[in-house]
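You will see two complexes here that share subunit A, one where it goes with subunit B and one where it goes with subunit C.
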Partner chain A sequence: MSSSLSHPPAHLPPAVALQLSQQAPVTLRSTPSVISSYSFTTLWSAAETPELWTEYENLMLSCLRTGDEQSAGVCLERLTERFGAENERLMALRGLFQEAIAKDDATLKQVLEEYETILTKDPSNMPVSKRRIALLKTLGKTTEAITALNEFVDSSPTDAEAWAELADLYVTQGMYPQAIFALEEVLLITPYAWNIHARLGEVLFMAGSSGDTSTDKYLAEALRRFCRSIELCDDYLRGYYGLKLTTNKLLTSLPQASRQSKSDSGLPIPDIKTVERLNETATAKLSEIVRRSVSGESGWEGYENAEVIAAKALLDSGAAKSIR
Partner chain B sequence: MTWISKSVTGLGLLLLTHACYSAHEHSALHSTSTASLSSMASHTAVASTVASLPIDISIETVVAVFVICLGLVLGTPELRPIQWRVWAGKIEREGEKGFTNSDGNVDKDYVGNPFRMLESRPGFIDIRKQRKEFAEWVREGGGTAGASKS
Partner chain C sequence: MAQIPVQTIHRDPQLFYWILIPITVVMILTGILRHYATVLMATTPKKQELPAIREQRSLLRGINLRTNANAISPVSFQARKDYLVNAYEKGDFLKEPDKKGQAAPNPMTDPAAMEGMMGMMKGNMAMMIPQTLIMGWINAFFSGFVMIKLPFPLTIKFKSMLQAGVATRDMDPQWMSSISWYVLCIFGLQSVFNYLLGSDNAASQMAQQMGQMGPGAGAQMFGPGVDPDKQFQAEAENLSVLAQEYTLVGVEERLLETVRV
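Showing the complex of A and B:
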């Protein structure tokens, strides 16, 4: 199987997902369906690897995404044969399969009821309760999903994935302070996650741009978060992009408000010279990344095209402003 | 780089083989000559010379070992970054291409950004939304491009 099958397929571009699912029948034929531990066949067949079952799961998700329900069904069948229908993870996968093939909302509600019966029998079934929350979100009941997710993180406060999901739900509702809190919880669990630092910076930036109160405080905090993400990851395009946006905004707002908030608790707002220097650094670094990535230098091909284009647009708008 | 290391290692192995062969030949010749000598000469003078090898064979052995070590060291793959930011930067900047070995395959333990799952969140995926997005992508003509490519 190809290497991309060993990672969860949610972030794969559609073309790759399509390719994977087009090859699914071939892949399914070439891989062993049942691995029995006590028989003669084990002597000459390949040994069972943990990756095999991860690949089945990821193949199933890719097939569901592209609408190849038959192959997805085969994957699910083989996984069930191996691990039994009572496996928690498989219960969630089966529910996911039913969600995907459901025709209308009534069928989805049935699936939701099934989840609830499973959860009343065994409230500690984490994968199924996560599915239930996801299904609530699919059905558009965001507030219920948030309540359920809050209960979930109460019972399992070290689940970074759940905290991140909660933060995203809060952002969709425009509840930025709560989202910031949830993201800070994620950072307590995974303090070196540079993308979460950048994400927190983005949420802080959004909070600073939307609210009228304590805008500068949010922006200063966002500035620090973006700086931290760059500190954790050299040449991080997303971090530099955020840094540039934040410093641009701070430079326009700082001159008027530089005196007022000195008495505030917490960290002081950085002075205007630091912000200016950070802005220059971000501009220089962004233009270097864009230049090298567009010309396709070796060792600079990992950036996503859309991100590079966005960075270029930001740089161009900044340049146009400075000329004027 | 690799052919240099391979040829240096090969040269070292050749030298080592030669040294071993010389040592073997030397001891074999010596024992036959001492067998014939021992009948006429006294034992005490011969016993000391049997144990010692000629100095050039010893030197050759030592040099061969060093040359083999040098070849192996030259042939080691590029070292992985051990600083967090350098490693993370490499992932972001180079993507999968930075982690391919000489055969063009991506390393088995390469996972990309390990914290990306905090943003894609496989436990909470919204499969219906993904299906809808995929269908839209196909309708926009992405499907024909993808199909012709594969």
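Showing the complex of A and C:
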């Protein structure tokens, strides 16, 4: 099987996922379907590797993503043959498969009930309880999903994925302080994840733009988070984008801001000169990234198209304003 | 100077076919048998209950907070610290909150610990029994034979190792007895098993001996006989004396200094 199958398929671009799933029938035919661990032939045939089963799982996810339910079913069957139907991870995978082939909400509700029966039998089944939360989210029951996630992180507080999901759910509900708390929890688990720093900056920025109290404090914190994310990852487009937005906002609000808010807890708001310089740096860096990425220079290809276009739009709007 | 005469022993060539090869083949087959016996006897690790998972991960959360405290603002850190220290001291995360303050259970009587020991026993048995049997078998049938001559000279110290079961004082240490061949097989068949059964096979004795010497560090942390309440108290202490330094202080100046446009 190809190497892209050994990574979780969530990060694959759609084209690659499509290609994988189109080749799925061929791949499935060429790989051994059953590897029995006790037969004598294993002495001569290739040894069973854990990678094979990871690849099956990833292939199944890719197939589900592109709608090839038949191949996904074959993958699931083989996995079940090998690991048994009682395997926790397989229970979650089977649930995922059923969710994917469900035609309407009623079928989805049935799947949800199945999850709940599994969980009453064995509340420590982490993969299934995660699937249940995801299904609640799919069904639009956001508040229930939040409650379930809160229970989940109470019993498993070192799960970064769960905390990040909780933060996203809180953001959709506009509960920014809670979302910030959840993201900080993620940072405590993975302190050098620059994308989480940038994400926290974004949430702080949203909190600063929406609320009427302590706006500047949030914005200052957001500014520093973006700075940190750039510090951790050079030329990080998302970080610079956020930095530019935040400094723009701070530059409009700082002159009339009174100095009273800085006395309480937290870091002081950086002075206006620093903010200006940061804004200039961000603008210059963004335009450099856009220019080099558009012209396709070597070493600058990794940016996502949509992000580059958004950065370009931001730069253009800023330029239009300054001309006026 | 008198030349030491080269010893020659006339051996029946049948010895080679009926002792050397059978011992080797039997050793390989027992290794394979032991591998599959171990695989069959292995019990799946017992699943942990939700409260136990919660207890462990809550402790890990405190450790995470302590090691990565610098990533979050002092206000957030203070809030988490107060919450965790308070909860740790009250024993909120304990698997059995009402048992707080009691001494840790004796690992000998704890059923969870017994299971682990049974697993170890089984592994040991799978190694000991075939070894004893084959040793006895060889002793009964093949002891006292000199089988091969090693193609290189050896000092006298090797006599006891290579000529076990053959009590002849003047024989050159190059000559090897059948029991010594067996002992050599035990340690020398490692790579054969690796080839036949894969590298993580249960036939290799070396791996088993290593495993007995040092069980993983993770097992010790939450292993039987460790009082979780004591761990929580220690972690609460660690947390409450921690001095935090916020990484974001002055990050904008650092950035402005490093980034060149």
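We take it that the second predicted complex is superposed on the first by the 315 of 324 C-alpha atoms of A that agree within 3 Å, B and C clash if a C-alpha of one lies under 4 Å from a C-alpha of the other, contacts with A are read in each partner's own complex, and residues count from 1 in each chain.
Following the convention adopted for this analysis, contacts are C-beta pairs under 8 Å (C-beta built on N, C-alpha and C of every residue); 3 or more make two chains touch, one makes a residue touch a chain.
This is a predicted model, so every value here is computed, not measured.
Residue contacts after overlaying the shared chain place A:132 against neither subunit B nor subunit C.
Touch criterion met: A:267 reaches subunit C, while subunit B stays clear of it.
Once the two complexes are laid over each other on the shared chain, residue contacts for A:244 go to neither subunit B nor subunit C. More subunit A residues lie in contact with B than with the other chain of the pair subunit B and subunit C. In the superposed model, A:18 lies in contact with subunit B only, and not with subunit C. Once the two complexes are laid over each other on the shared chain, residue contacts for A:64 go to subunit B alone; subunit C is not touched.
Of the two partner chains placed by the overlay, subunit B and subunit C both lie in contact with A:231. Contact with neither subunit B nor subunit C is seen for A:94 once the two complexes are overlaid on the shared chain.
Shared contact residues on subunit A (touching subunit B in one structure, subunit C in the other): 231. Against subunit A, in their complex, subunit C makes its touches with residues 36, 39-40, 47-50, 53-54, 57-58, 60-61, 64-65, 68-76, 80, 196-198, 246-249, 251-256, 258-259, 261. Those residues of subunit A lying in contact with subunit C across their complex are 37-38, 43, 47, 122-124, 154-159, 181, 184, 187-189, 191, 221, 223-225, 227-228, 230-231, 265-267, 270, 274, 277-278, 281, 284-285, 288. The residues of subunit A lying in touch with subunit B in their complex are 3, 7-8, 10-11, 14-15, 17-19, 22, 61, 64-67, 92, 96, 99-100, 102, 127, 130-131, 133-134, 137-138, 160-162, 164-165, 186, 190, 192-196, 199, 231-237, 298-303.
Listing the residues of subunit B that touch subunit A in their complex gives 84-86, 88-98, 105-106, 108, 110-113, 115-131, 133-135, 137-138, 142-143, 145-147, 149-150.
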